[in-house]
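Here come two complexes built around subunit A, the first alongside subunit B, the second alongside subunit C.
Let's turn to the complex of A and B:
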């Protein structure tokens, strides 16, 4: 994990400024034939301009649903039951659909997991990027085209002029993801949400895409929310981390602190399950059991059934956040004590 | 195909016809080429045929009833394809009838395609009870023998060209509706729809600019499959005497009149029959070819 060293330790000072996006007490319920299940439970998130928030958790922990709910992009079955999503001080959950359409792609953009299916197969790459330009900016045809070529160049697609007229199936996975990024940043959004942007790509391409995202973040001064289940990606690209488990945030910390000194037993378990290059590990330890599906969530601490450090106090009561320092907090009654 | 390959293939000296075929992706597709030529010819005749029509289609020649075509014994150049029982020129009637048949076929297909696709998209968009009701209508339409339904409407509501076109147009709407609904449902599950929604496109724009272009190819192919059916339905109704009424004429109506003289004067029925047969066959061949052409992922 020597990537950690690349990150400037400027973790302090972020808490005071007003965040660009603030999610407060967001809960999302999915209505299923078997009844409603709460997949996101009282989630708080903050991200400030120019910073990268890593949202990490296992599949089904509600990372993507949280972000989709914040952008009001949930499928019909999903319902936000409480909370507010403040973007530049405005509650997105109360905004009209028209206001949301004007906001999406313009101030907040999103990129998705599988770039190969996130592009419309019957339209050329150029057409699709130009579309988001036409939508939010009043550009002439030729201006939009030259801007698109610029964008393709910016995201590192070689021969933009040839690539402009090509179809998504002529692009490789990494190139498609670059095109997706070009579409998302076309209007220079203030916040980019990247939903597992590297999961479908192979490792060498992953690094390139992460580097591209960090560069763009720096150049455009965007805030970035990076959703991932890969702690390696977090170490490489995030400034702050929020760990999600079973629909709740369990720990929030600046990235270095989290890797040095995890406080929640779940975070610790995740870190222990990673292969290390800096110390000798005989055998990787896995967290026993599996992440529960939403209808099997327990009362109280949701990690309790898999946690080796719990006692009777843990059952039945939802653990409140303990503010450990200005930038750290953890939702656990018996947090990991430093050895 | 890379640019180098394209240069190499176009570098080969070929006739202008070959080059033209190549440009339209028709090299080696002889059946499709013939079908396209035939359909173009039929369209040309349907639109401009009246300029070459030897006689008005209603003009009687009572001295030359049931005269055989020119290549049969007793035929004459005055009536190249012979005359019918009233001495009317078969070629003239064919040209005139073709015009109406093509009109009914094309307009009917377009009506069915637009109506069906629209209802299918509506069902897929709103889901819930809207979908239930529309799909129930589809099931009713499927379980109804359409020809009886059409006969009932034409017999009760009366018979004019507009009603006939609407009736043959309604036939087949359920196929478009089912197709459009299922394709929109699956398209809505695609990540690219979520992706463009996250870029701020409204529902209407997403349907217009992203979903429709994706399903249009399939709908067009469905239309080419349906078009022969519509032409045949018109022919059937006219054959049964409930379609096009004299003095107007269509291929099916000529066929229906010729039925009575099938032994004595087969040419009356055979020529319109052949035109219908080759027309429907050609459209089917073209539809098949279009299906491959309209899918950009197969290029």
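Let's turn to the complex of A and C:
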């Protein structure tokens, strides 16, 4: 534990390039009949061009809300109470609605878990993809169509010419997700946010979609934020990982470091509780209890009731981030010690 | 595996050539109805005290098979024998008695619980319905049950929406087990739970199995869970079992190309084990339009003429390993 000390107050040295997207101190409050609840609490994130940031957490940890808030897509009852979202140096939270509209679907695109809900059932797939080309790129009808056919081919939809005129119900789950991806990358975005993009899909299809996303990221030089609850997907696709628990980031690390040597007890517990396909585990070591619902969030460490390593110091005090190395941070007073 | 060499395992339930078709919508106003071949001749046995994992992708009819086994759905043809009796042909009275011997735990606990009844009365309900024991003693049984699923007693007065997802699933399990069934079909029972809670419920199911001598049919799409919980695994593709073996044997030495692709596709929580996981392309064909020959032939990298014309027989390749592939030995 001794070797983990506050080495540097700020590890983002000037040598590192400025990130494409940087979220600083973002807090989101939802107004409910029972009062206001802070579902996202002082979250920092950053992702650079060509990198994949994996945002992992259990349901209700605030990972989707963080990204929706960053794009100013929160529902009526949610509001950002503090923080800034810098995209190419510009604070999105201060941008006008017109500027945001020009940005969304163009420089920043997002895909969701259930493609069937995101697609318009009464329009053809082709129409829906050309729509964003019309809106953002001002392409002529024929140019937009030929670009759409290219895109369908790029995301691996067979027979693009036939599929162009078909409706979403004629597409399978995997094919709809491919169509969603085609739509998202139509304007060659700099940042793609994928919110549980493979959760609704079968594993063989999931493998295809993850491969597609990683190829596209390379080819287009995009930054990718991959939101998921699945540590397997994180291990497969992410470069850097941020672990969220109960509205806060609890640990940040490059993917190898995180799996080799998790520092937060929650991360460690999560990794230990996974059944594995590649080896036999005699008994799963589950984390006792369950994550608190947002209206029971406390100021102190929110993992404390489930943590086997806490003491009196953990109660009531928010665990500040400890900068463990240039690329690693953990929000725990007694982080996991290296063996 | 060793046990089977010395003594024959006791069979709790057996299906023979189980077939179930569903009719779809008409193709046109006066057109014929299309027929979906959901379950296409499944012969399985469930051994007493084992956990048989049934894995497959969505649409392969694994849930339909679960319903057929519980006689909650009538088969088009074939039989289900439970404790030596054909359950598809029981009279009402007998079936009513037998029904409490087999239980089902679904994926979504909130959908399985009545929102207007307290937890206590829902766990007690099966005792009242099947008139088990004296009414006064039933409350004790409920207390005993809620303790064995590790829930605090004060939850008995609560309503389902006041519980977390993991707690709700424990209640469903308690209710399913209160009549001491012999067989429990778990249909994606832990899939909706968060990872940390999922591990708790899996451990609970394992403990209860040991304590009560249960037999599980564990239906899931998740191979990692199945490896952990099952003694044997059956892999299903488009209404047929394509491979069946001891868990370790199946995962370490898969013989069917589909099983291999399925195992390869599961992301492993280890960034050092990164590799190309998309070993097969395409998607399963529609059950409305089954291909000739092997159902997997269009996606299979090893398919030849024989696979496109001739249905592979589900055959035994060793004592405890069965596979439905023409080229299984060549590929192993």
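Keep this in mind: the second predicted complex is superposed on the first by the 319 of 339 C-alpha atoms of A that agree within 3 Å, B and C clash if a C-alpha of one lies under 4 Å from a C-alpha of the other, contacts with A are read in each partner's own complex, and residues count from 1 in each chain.
Criterion: a residue touches a chain if its C-beta (ideal position, glycine included) is under 8 Å from a C-beta of that chain, and two chains touch if they have at least 3 such contacts.
Please read these numbers as outputs of a predicted model, since none were measured by experiment.
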Exercise for review: Specify the outcome, clash or fit, for subunit B and subunit C once both structures are aligned onto subunit A.
Suggested key: fit
Study note, to complete from the structure: In the superposed arrangement the C-alpha centres of subunit B and subunit C open, at the centre of subunit A, an angle in degrees to the nearest 10 of 80
Review point. A:311 contacts which: subunit B (first), subunit C (second), both, neither?
Key: neither
Check your understanding: Touching A:270, do we find subunit B (first), subunit C (second), both, or neither?
Key -> second
Review point. Given the touch rule stated above, what does A:32 touch, subunit B (first), subunit C (second), both, or neither?
Key: neither
**Study point:** First (subunit B), second (subunit C), both or neither touched by A:58
**Key:** second
Point to revise | Touched partner set for A:207, first subunit B, second subunit C, both or neither | key: second
**Study point:** Which of subunit B and subunit C A:172 touches, first, second, both or neither
**Key:** second
Exercise for review: Have a look at where A:101 lands relative to subunit B and subunit C in the superposition and call it first, second, both or neither.
Suggested key: first
Study note, to complete from the structure: Across subunit A, the partner (subunit B or subunit C) reaching more residues is C
Review point. Just subunit B (first), just subunit C (second), both, or neither: which does A:235 touch?
Key: second
Practice item. Please indicate which partner A:278 is in contact with in the superposed arrangement: first for subunit B, second for subunit C, both, or neither. Key: second
Point to revise | Minimum distance between Cα atoms of subunit B and subunit C in the superposition (Å) | key: 7
Check your understanding: Common interface residues of subunit A with subunit B and subunit C?
Key -> none
Revision key, fill the gap. Given the complex, residues on subunit B that touch subunit A span 127, 190-192, 194-202, 209-210, 213-214, 217, 296-297, 299
**Study point:** Residue ranges of subunit A touching subunit B (in the complex, touch as defined)
**Key:** 71, 73, 76, 97, 100-106, 109-114, 117-123, 128, 131-132, 135-136, 167, 169, 180, 183-184
Point to revise | Parts of subunit C lying in touch with subunit A, wherever the complex brings them together | key: 57-58, 164-167, 194-200, 202-203, 206, 221-225, 227-229, 248, 251, 261-274, 276-281, 283
Point to revise | Parts of subunit A lying in touch with subunit C, wherever the complex brings them together | key: 58-59, 172-175, 202-208, 210-211, 229-236, 238, 255-256, 259, 269-271, 273-278, 280-281, 283-288, 290-291, 293, 306
